[in-house]
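Before I ask anything, here is the structure I am working with.
Order of writing sets the labels: A, B, C and D. Residues in every chain begin at 1.
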Amino acid sequence: MTHKLDRNAKGVYLIAVTPFTDTGALDLASTDRMVDFYLERGATGLTILGIMGEATKLTAQESRSFVKQVLARVAGRVPVVVGASAAGFAPMRELTASVMDMGASGVMVAPAPTLRTDDQIIAYFDMVGETLGPDVPWVLQDHPVSTGVQMSTGVVLRILANAANCVMLKHEDCPGLAKLSALRAASERGDLPRPSILAGNGGGLFLPEELGRGADGAMTGFAYPEMMVDVCAAHAGGDVERAHDLFDAYLPLARYEQQAGIGLAVRKHLMVQRGAIASAMVRKPGPALSAADRADIERLVRRQERRLHALDASS
Amino acid sequence: MTHKLDRNAKGVYLIAVTPFTDTGALDLASTDRMVDFYLERGATGLTILGIMGEATKLTAQESRSFVKQVLARVAGRVPVVVGASAAGFAPMRELTASVMDMGASGVMVAPAPTLRTDDQIIAYFDMVGETLGPDVPWVLQDHPVSTGVQMSTGVVLRILANAANCVMLKHEDCPGLAKLSALRAASERGDLPRPSILAGNGGGLFLPEELGRGADGAMTGFAYPEMMVDVCAAHAGGDVERAHDLFDAYLPLARYEQQAGIGLAVRKHLMVQRGAIASAMVRKPGPALSAADRADIERLVRRQERRLHALDASS
Amino acid sequence: MTHKLDRNAKGVYLIAVTPFTDTGALDLASTDRMVDFYLERGATGLTILGIMGEATKLTAQESRSFVKQVLARVAGRVPVVVGASAAGFAPMRELTASVMDMGASGVMVAPAPTLRTDDQIIAYFDMVGETLGPDVPWVLQDHPVSTGVQMSTGVVLRILANAANCVMLKHEDCPGLAKLSALRAASERGDLPRPSILAGNGGGLFLPEELGRGADGAMTGFAYPEMMVDVCAAHAGGDVERAHDLFDAYLPLARYEQQAGIGLAVRKHLMVQRGAIASAMVRKPGPALSAADRADIERLVRRQERRLHALDASS
Amino acid sequence: MTHKLDRNAKGVYLIAVTPFTDTGALDLASTDRMVDFYLERGATGLTILGIMGEATKLTAQESRSFVKQVLARVAGRVPVVVGASAAGFAPMRELTASVMDMGASGVMVAPAPTLRTDDQIIAYFDMVGETLGPDVPWVLQDHPVSTGVQMSTGVVLRILANAANCVMLKHEDCPGLAKLSALRAASERGDLPRPSILAGNGGGLFLPEELGRGADGAMTGFAYPEMMVDVCAAHAGGDVERAHDLFDAYLPLARYEQQAGIGLAVRKHLMVQRGAIASAMVRKPGPALSAADRADIERLVRRQERRLHALDASS
């Protein structure tokens, strides 16, 4: 039984990778293992066909197969959000209708890279709202690094206020803590219905601070999703220092995985090592790891395990 | 009988618009009229699903319908090139296979907007060559204004030399006359097989000079395609002053139609007036003309007719 | 006797070049000749140290010498505006104080290239207003092509309303006719004190239409400033067709001179031919003309003279 | 006694801030304290008038005063590099001559933001070499995040090979480890004279890995310069795990200080707390810290002290 995405969403929505075989074909068996891997580690939602899901490198048929496979494996246990950013509204409508039919819980839309002024951005999301229609809950993605579009706090608030179905903000602006505080303050004051805000700034590199500013959790990717799950849980339980301790234990590796350009290759390499997928293949054009990169990762993992062991012992 | 695009291509390849009805639906009846309009005015080829063809605003199904309709109406009389730039290689391969099956003569590819260094650009087009395979002739589109990618003369020459099937360059860099001279000089020296070079700099606003530098014709859009046809013919016939006279007669309106952002609305408005399509509809997000814009256009058309009349009288 | 720039400014403010000798030294003798050249052809103002004045290539001492020379030669006959865009407010204040002391009539400021949101832009110009102080009239330069900053109509109106000393808008957005209409409509309605609006869209390539939308004249550069002067005069005299006739006669060459990247070299080449400056030198990094470029220009000038002769004969 | 910068440079070159008073005036007393602070913590060089030194916000006179003050206080104990990136070569030459006369050890130059193709970049640095002349050692700054210019490994190697006086690379490309490996491999093979390479990727957030790839140290800023000094020393002493231990202890705060946009305010706030400067003032337009930001920092500092204490106890 599918549930639609709503404003109460919290916890960790994993930005899922798209697994390929060593020859570059879509790997549906690994897709199942990956879904299990994420859910077993406590994911409260999944987001697929995002940038880190190599969405633009898939054919239309591959996209459909992948979405179908994920939805079947999830089987309604957690919400699944599908990236629906598109260069035009007709393909956005087509993709959205298709994935909602299959059982997705909602879609995520980022501003088109050509937008510049406040008026243009607000008009664009009015058209997004019309395009998606009254039955599709959606996530506003605020990620200037990938889109080049800077949305001020006021603009985000106006979009959220205008669009009844925009139930969540994926907050990835940087620096973003002040913006997060201001957005949450506005919803606490009742200026607009309280949206779910999941943070992804720098790929989760500011997670403890973001939770402190009112984020309801995280929506990002990391080969150790349990870090985000445990940090959110500790924070929700009021143990902020414990949240930082956990975060700090993973930070050196998380930082390495968040390197622009090469990060996805690092993530897939780690996910192979952890048994989540079969191959670290990234479709072209994409990065590949060198022996030196793998040695760096090996050291960082070894050191991370030591720190986690010490942390367990102390708690 | 379809003919594949080859290095001997010359004349005027019209960048076709995509006609919509007033309610925004694909207008296949107007598609036929538009094809007739272009061919009756002397187009030696058509290019469809380009930026000015609103390609990104079409669903996959609409793209297929439009391509099919154009190819059926053209019926092999002139080559038809289809824009195949895509964010990933799998969708590029899928689209290319589909349109070549339907009878297209070749595809056109621009560099991905993320490319920066010479090495990245050259590696990208090596992958394009692999993706398209040995049977698909293709056009390299050099249009920094839309892609943000600047390809030096040396880089363009290396791409052309590397790719046996890259038979044509759509030259739209600006300033571009020196680059055009250098590219043609290299092919005349025999550094590489002579490519067809069709110019589109500023939407044809430098056509007479480009022909003087070795362009084989034009690939761009203008609601008066006969201007480009006649300029090319006069130039090919050795009457350079006549080519300029014709060009100058159309320049004030061409300039107005080439305004970034609003140009497509101007072009469709003029094509409606000329009976080429039924509606000037541009899909959202897109510009609309004001009464003042239409008055500007009316004056420019009236003045243009007067100049053309004077030119006819004098020739 | 210097007069400060005010809201009544109209006519043609020439964007002056900075003349160098063949060896690249500042050429003060040519500076005098250039001032005479512009004023004899009817310039109602000069703007110096703009982008096309190679301002960033001058040392601080050279800038001062050049400003001083221009002001001495102008001798108060027309207002002189000095470009004061700077990466920081302290150098903007320093430069402004220095040139106002020397007798400039005002300064011109464009938004810093890093600005993105409406709020950022408005806050920036509040700081510009504070920096320049109560005694310096200034020009707001709206030129997205060079700054990358897009200011909506609403933002421009708020800046103009906030800053009592911002007496003029240099309008160079493209497409810009609708924006110009909206800005002028707002000042006609009395929403804000009526600013002078001088147009420069595409280097004057839309001058007749801009005058029709409420521009008070032009602020741009062209080696034939009499074109802009005569077009403005004809328009002001109510003879719109005559304004277009004049404009059209110069358009083929104006278009060639407005090519990005190489335009300044074309302009200086023509100014040397017309006796306005001694050398076409552009400081590095900058373009140089080829023999083919010069041949293009020669043909365009010859054809222009023929058209102007015919126009004189007909009037 | 001043020493010129040379290829043997290593260790930590601090990117210095520029101290202001609470009212925004240049604070020369704090300048002295800051120099002492950096040198007492083991800096082997200083870099001033960089982006994080708010260079563009200073008047020419302020720049000179600041450089003079720093050089006087350093008194030849370590090399001082001065940022000399400028929009034109004449001001670059003027600034360079001025600071070298005062006793600087060299200058640092980044590519102009307008450069795109490999040829353009290489030609630009040929002109930089000519501009600086045979007596000024210089640092090539490779920082695409601030310049927008991506230089491939091949381009950096050609610049280094072409310019005899380019003795150091400030390596800040990201992802940059593969590039660093390739650059160092080329100099080890003897393809070019071995340059000093100081790393600054992400503000030092990859320092241990960069040292492992052949960096000679770091050139970046951090309010705890002893981190970089100690990490470099441990690495140079062969204790890579110790280098990582130290790095990890500071990483949570370093990450916070490296937030784009707000980072400089964090750094100055911490430097005030540590007694290095009197005021955290950042000149407009610039960020200011909120109470929540300061609380974040306080927690991070407290936790960092605890980790450092534990690390001392364990070593």
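Everything below uses one rule, namely that a residue touches a chain if its C-beta (ideal position, glycine included) is under 8 Å from a C-beta of that chain, and two chains touch if they have at least 3 such contacts.
What you are looking at is a predicted structure, and each value in this text was computed from that prediction instead of being measured.
Undergrad: So which chain is the furthest away from chain D, centre to centre on CA atoms?
TA: Result for max centroid distance from chain D is chain B.
Undergrad: Count the C-beta contact pairs for A-D and for B-D, then tell me which is higher.
TA: Between B-D and A-D, contacts are more numerous in A-D.
Undergrad: Could you classify the chain B-chain C contact as same or different, where same means more than half of all interface residue numbers appear on both copies?
TA: same
Undergrad: Centroid from C-alpha atoms only, then distance chain C to chain D, rounded to Å. What do you get?
TA: Each chain's C-alpha centroid was found; their separation is 39 Å.
Undergrad: Go ahead and note the Å separation of the Cα centroids belonging to chain A and chain D.
TA: Chain A and chain D have C-alpha centres separated by 33 Å.
Undergrad: Please work out the Cα centroid separation of chain B and chain D, and write it as a whole number of Å.
TA: Comparing mean C-alpha positions, chain D is 48 Å from chain B.
Undergrad: Residues of chain D that touch two or more other chains: which are they?
TA: Residues of chain D never touch two or more of the other chains.
Undergrad: Give every residue of chain A touching chain C within the complex, in rising order.
TA: 116-120, 150-152, 154-155
Undergrad: Given the complex with chain D, which residues does chain C contribute to the contact?
TA: It comes out as residues 54, 56-62, 86-91, 93-94, 112, 120, 123-124, 127, 283-285.
Undergrad: Using the touch rule from the top, collect the residues of chain D that touch chain A in their complex.
TA: 174-175, 177-178, 181, 205-206, 209, 212-213, 241, 244, 247-248, 251-252, 255-256, 259-263, 287, 290, 292-293, 296, 299, 303
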